[in-house]
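Alright, structures below, take your time with them.
Across the two complexes that follow, subunit A remains constant while its partner is subunit B and subsequently subunit C.
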Partner chain A sequence: MLPFVARRLAALVVVLLGMSLVTFVITNLLPADPARVSAGPHASNADVERVRRELGLDRPLYIQYAVYVRNLATGNLGTSVRSRQPIAAEIRRHIAATVELTLVAIVVYVAIAVPLGVIAAAHRAGWVDSLTRLGAVGGSAVAPFWLALLLQLVFYRMLAWLPAGGRLPLDVPPPPAVTGLFLVDSLLAGDLHTLGIAARHMVMPVTALALGRLGLTTRMTRAQMVLELAQDYVRTARAKGQAERVVLYRHALQNALNPIVTMVGIQTAYLLSGTVLVEGIFRWPGLGQYALDAIIEMDVPAVLGVALTSSLFFVLVNLAVDVFYATMDPRVRVS
Partner chain B sequence: MATLAVVLFGVLGPVLTPYDPIKVNMDRQLLPPGRAHWFGTDEAGRDLFTRMAHGARFSLGSAAAIIGLATAAGFLIGGFSGYLGGRLDEAVMRLCDLIMAFPLLILAMAIAIALGPGLRSSVVALAAAWWPSYARLVRGMVLILKEALYVEAARAAGAPAARIVLRHILPHTIPAVSSRVTMDLGFAIVASSGLSFIGLGAQQPTPEWGSMIATSRTFFMTAWWYGLFPGLAIFATVLGISLVGDALQDALDPRRRGA
Partner chain C sequence: MSGRILWWVPACLLSLVVLVAGLASAPSAAPRPPQALIYGMRLEPKSFDPAGGNEQYTLKVLRSAYEGLVQEKFGAAQIEPSLAESWTPSADRSAWTFKLRRGVKFSDGAEFDAEAVRATWDRLRKVTIGVHRLVANTEVQVVDRYTVTIKLNAPDVYFLYSLAKVPIVSPKAIKEHDEGGDFAQKWLAENTAGTGPYRITRWEHNQFIQLDRFAGYWRGWSGRHLDQVKIVIVPEHATMMQMLERLEIDMHSNPILPQDVERLKRNAGLQFVTGPASETAIFSLNTQKPPLDNKKFRQGLTYLFDYPGMAKKVLGGFGRVPRGFLAPGLECYTDRRPPMTYDPAKGKALIEQSGARGATLLYHYTAAREDYRQAGLLLQDALRGVGVEMKMQEFPFITLIEQHKKVETSPHMAPLAMGAFSGDPVYFFELNFHSKNAGGPYNWSYYKNAEVDGLLQKARATPDRGGRCQMLGKVQEILVDDAAAIYMVNPDKVEFIRKRVKGYRLHPLDFVWPVRFYELSFEE
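Showing the complex of A and B:
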């Protein structure tokens, strides 16, 4: 098990290096001369040259890249054009909100999609099956930002059931920070009142993010389950007189789980993309909101910082998926 | 059918309505849907039906451009990489892995802001993030196809690599790629309207659906129709395209028939 994890971690370093190369190339796509931009609109040519030297932009590209990687390795994402603050510090303030939103979205849609998929596979052509088929096609056609606005219109404006946005109302102090995830922290503090309020604030953002993924994951689960249910061991289990529920969940689902977990890992990319679209609408103070503010002010380094951070999160989720496999399925460890 | 309806809407809509999609009309601000304005008007008194009809061109057009660019790059890069093999192939595949290690829209957002906001850079950005999935798909097929007897015959006859790849191998990958294209077109509409929504795609007053929804945010709580209809247009279009894609896939893949 340990060598496996070590191998994956080594591969992770290579991936991170490569990702830094991609963002470095993107920084150099800028049509404007970065030295001139930093020097300001009224700088003389001599000033621009001085700034160019100060920023190291006069050096060859490969040295600039080496400096860039060294900075990234020490957690330095550069300085925000807008606030003149270190981007890494600003991102650190926003990251927990996005991680919480994304993780809760994953848990919620998996908890709904997997049982639905099992039911759809067990009763093929039944009403659950038809419904999830519709949901899969329909769900992926909805633009998440539009869904977010509709939810806000219906559940905040018309019905007044849910708060319009934010993580907590202004008059509710956040729970003592341990993980930065309000649900976990308030649970740790034993503060069920705050937990409830925080959960109510998550309903709409989580729905807007996860609804599109729900149908697809249900269909994927169903497809895997259909394959497993046709296997001999299922017939054996049934012949032994096992309860159908045990056959479905203990025998078939456990074997169908691997591809489903892979899919969920990959789907995290959609959720993270979705946070950029949705957080702004719900004033959710995460990376997406930060990116949105940065875009309005054309703060390119800050946007690249967000891109790197959320991609890192994506890569880590998939690493967790790999490790999960290896613990579940001994065959993976060997290959 | 739905797709056809949207295309018709985009082609005929602008002709059918008497209004201008851009011209400001201050005494008709934010009118609810009615006989004169089927979908209501926006904050500048512009008819939303007209704007949406014009917007169909931008949304469908940019999705087509994104997927067009991505498939073209995928065909060429995946085709030659798979055929020539060796170090080049290895390097190309690692590059694909890298690009696909980023969430698609996040990478596109980073590229689009570096290029400067606008419909064109959002199209380029999405295509740049999208091509690796096509390159991989094509390459996988090329690896099998290049072992075929007729390819060997072409090689023995002295045909140059470019001709073998373009004339003999790539045409066989078209069916599989095209069923993927119909699926991706829908996602491309959602993705490009998303970039417009966060201000990196089409800019006001261009009547693009995503940017219309973005502007509607300010007025959405009072003028529900403003954001509702462009979003419905996205929904109906993407749904239509993915249904067509599904049917196409069933028709092209005999194994899926009757499943």
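Showing the complex of A and C:
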């Protein structure tokens, strides 16, 4: 297993290098001048040229890229042209919020979708089955940001049950930082009051993110389970008189799991890098909001930094999925 | 049977959600501290360096944390004393001597004196990110501890307007927080060290910025003032509006859309604030791009634009028909000039005379600016009637800046909201119509006229107000006659703030929504 992971990690370097090249070229094709952004919209053209020299943007593109890659090797993502602060530090500051939101959304949606899918498969054409079919179609038709706005309108504006956004109210200090995840940190600090408040702030963003994805995974679980339940080994298990719960979960689900895990993996990576609009609506100070700011203000190095971080997420999640296969499913041989 | 067992997972989760939602409906545990004003802002500034203060979000903090030698009188395009008690200009207005206020302290404890002024100027020479260009050609001479003379390389009757934009920074902070000769740029990006009434005490990135009183503020704290200001970052406009309507924020810096005005007016917790701004919105007309190099054609366009329609329909009545480019409220503005005229017949005749019928024009407008899209549609409609096609396309503002760097890449027309940054009318004209700014910010008309350049330069050096207003009146006239742009509208300011906020006044200068938190208080 270890050599397998090592090989994959080595390949990861190549992938990231490729990603850096592609994003570097694309962001340099953008019709925006980082020197202009840094100097401000009201700066004279002479000032813009001076800033260009200061930032080294007057050098040929290949040299700029070489410098960029050399810096990458030391974890340096460059300097934001807006704040002139290191981008790596800015991204670190925003990443915990996004990771927390994503993890909770994933846990919630897996914990609901998989059992629902199993139930739907076990009772085909029953009301659970019909309901999940409706949910699947409806859920994938609803854009998360629209759902976010709707939730906010109902639960904040009309009912006043939930806060409009943010991770905590303005007058509640964050728990002592250990992981950066407020739920975990407040638990570690034994501060149940802050834990409750932080959880309350997560209800709407998590719902907006999880709800749209529920349907698809439920249907997928159901389809896989239906296939597995028709297999001979299931009939054998039932014939041996095993409890239905054991048949469903220990036998069928375990075999049906591979495509579901792939799906959840993709969704996780997608969520980690795709919460931009939902974060904006709920004032969630995460990577998505940082990316959006960077895009609006055409902070090209920052956009590049976020793109690379997102690709790192994708690659790592894929690796995790592969490792999961290899450990969970004896049919998959690590080669 | 098995189904029932399988229900427990989703059921548990559901009850958890209900439990949390139930907790949520309980009243908020911690009450808001008294006298804290909540200000909503769409974008978080990335730096609060006082040298870089030339965009509206940074200014929200800078204007309350720092002060200049002089300041704008809030509500008018006039100058009043601040850190300088008085001043005397030389006869030709090329040297200005200031008597400095005594006993003023910076929030880091340093004393304000002539050396602080010099230290600020020294810093601006190195940290050239924003306001430095306003004082680029000036030199500070320390006469004694409380007197400085600022020498300019050319006479400037409007120098005080520029000076009001230069925040004086604590020399102690510049020295103590210097990192490798950066003049404390890194430190001042996140901290404040001015003589102003408030200072940054906490910054939760992308959440909020907290300002607290500087106890040693020289104007003092007798009377009613806010204890604290929390600037909350709310990226989404819909969320900002909901928080405003739920009275969770006191003020904000988002534009109010005309269609929202009536609904917001019905909210008993809000007050409606409106009044004229010193702003002129224009369509630049690229005078070097055929057929706009033809003066008759350009003149024709200016008669085809529906000015009253723009003010009444597009802006919902919150705008006025301009009398040329100079914005109302600025020195030398006069309402003796006639408003721009909407006369389709005359416009059609001029287009026909120009011989450029059948032309195609490109109009590139700013993304997410519905008013500019609608303004474009107004003109597009009128042009169709005279056989001219107008193609409209949306771009981010920063892209528009790029496109205008060269005549070849620039469109024929683009919208510009020219709000007065300072009260200097010459600067206001120069930005858009001086030949030195052609293609740069913001002479997108590529307008070059030696007579206009000369008149502006002369006006800047003319101490006699009547004399310089005559010159600026002439510039105003030439720019209308030359049809250097379509002067679309003078928009009004439209704001909704919480009723409990007292002391707020609209200020026509300093970009949009300027505010000085020291002047505000809450009603009893």
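Just so it is clear, the second predicted complex is superposed on the first by the 292 of 335 C-alpha atoms of A that agree within 3 Å, B and C clash if a C-alpha of one lies under 4 Å from a C-alpha of the other, contacts with A are read in each partner's own complex, and residues count from 1 in each chain.
One rule holds for everything that comes next: a residue touches a chain if its C-beta (ideal position, glycine included) is under 8 Å from a C-beta of that chain, and two chains touch if they have at least 3 such contacts.
No experiment lies behind these values; they were computed from the predicted model shown.
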| item | value |
| --- | --- |
| First (subunit B), second (subunit C), both or neither touched by A:G280 | both |
| Which of subunit B and subunit C A:V303 touches, first, second, both or neither | first |
| Touching partner for A:S44 - first (subunit B), second (subunit C), both, neither | second |
| Partner chain in contact with A:Y290 - subunit B first, subunit C second, else both or neither | second |
| Contacts of A:I119 with subunit B and subunit C, given as first, second, both or neither | second |
| Contacts of A:A199 with subunit B and subunit C, given as first, second, both or neither | second |
| Which superposed partner A:L57 touches (first subunit B, second subunit C, both, neither) | neither |
| Of subunit B and subunit C, the chain that contacts the larger number of subunit A residues | C |
| First (subunit B), second (subunit C), both or neither touched by A:R157 | both |
| Partner chain(s) touched by A:L319 [first = subunit B, second = subunit C, both, neither] | neither |
| Common ground on subunit A, meaning residues reached by subunit C in one complex and by subunit B in the other | 31, 149, 152-153, 157, 280-281, 292, 296, 298 |
| Of all residues in subunit B, those that touch subunit A in their complex | 94, 97-99, 101-107, 109-111, 113-117, 186-187, 190, 193-194, 197-200, 210, 213, 216-217, 220-221, 224, 227-228, 230-231, 234-235, 238-239, 242-243, 246 |
| Parts of subunit C lying in touch with subunit A, wherever the complex brings them together | 1-3, 5-7, 9-10, 13, 17, 20-21, 23-25, 28-33, 38, 43-44, 46-47, 52, 54-55, 128-130, 133, 185-186, 189, 204-208, 230, 232-236, 238-239, 242-243, 245-246, 248, 395-399, 401-403, 405, 421, 437, 439-441 |
| Subunit B partner contacts - residues on subunit A that touch it in the complex | 15, 18-19, 21-23, 26-27, 29-31, 137-138, 140-147, 149-150, 152-153, 157, 268-270, 272-273, 276-277, 280-281, 291-292, 295-296, 298, 300, 303-304, 306-307, 310-311, 314-315 |
| Contacting residues of subunit A [partner subunit C, same complex] | 31-33, 36-45, 47, 50-51, 80, 82-85, 93-94, 108, 111-112, 115-116, 118-119, 122-123, 128, 149, 152-153, 156-157, 160-167, 169-172, 174, 193, 196-197, 199-200, 203, 243-245, 248, 279-283, 285-286, 289-290, 292-293, 296-298 |
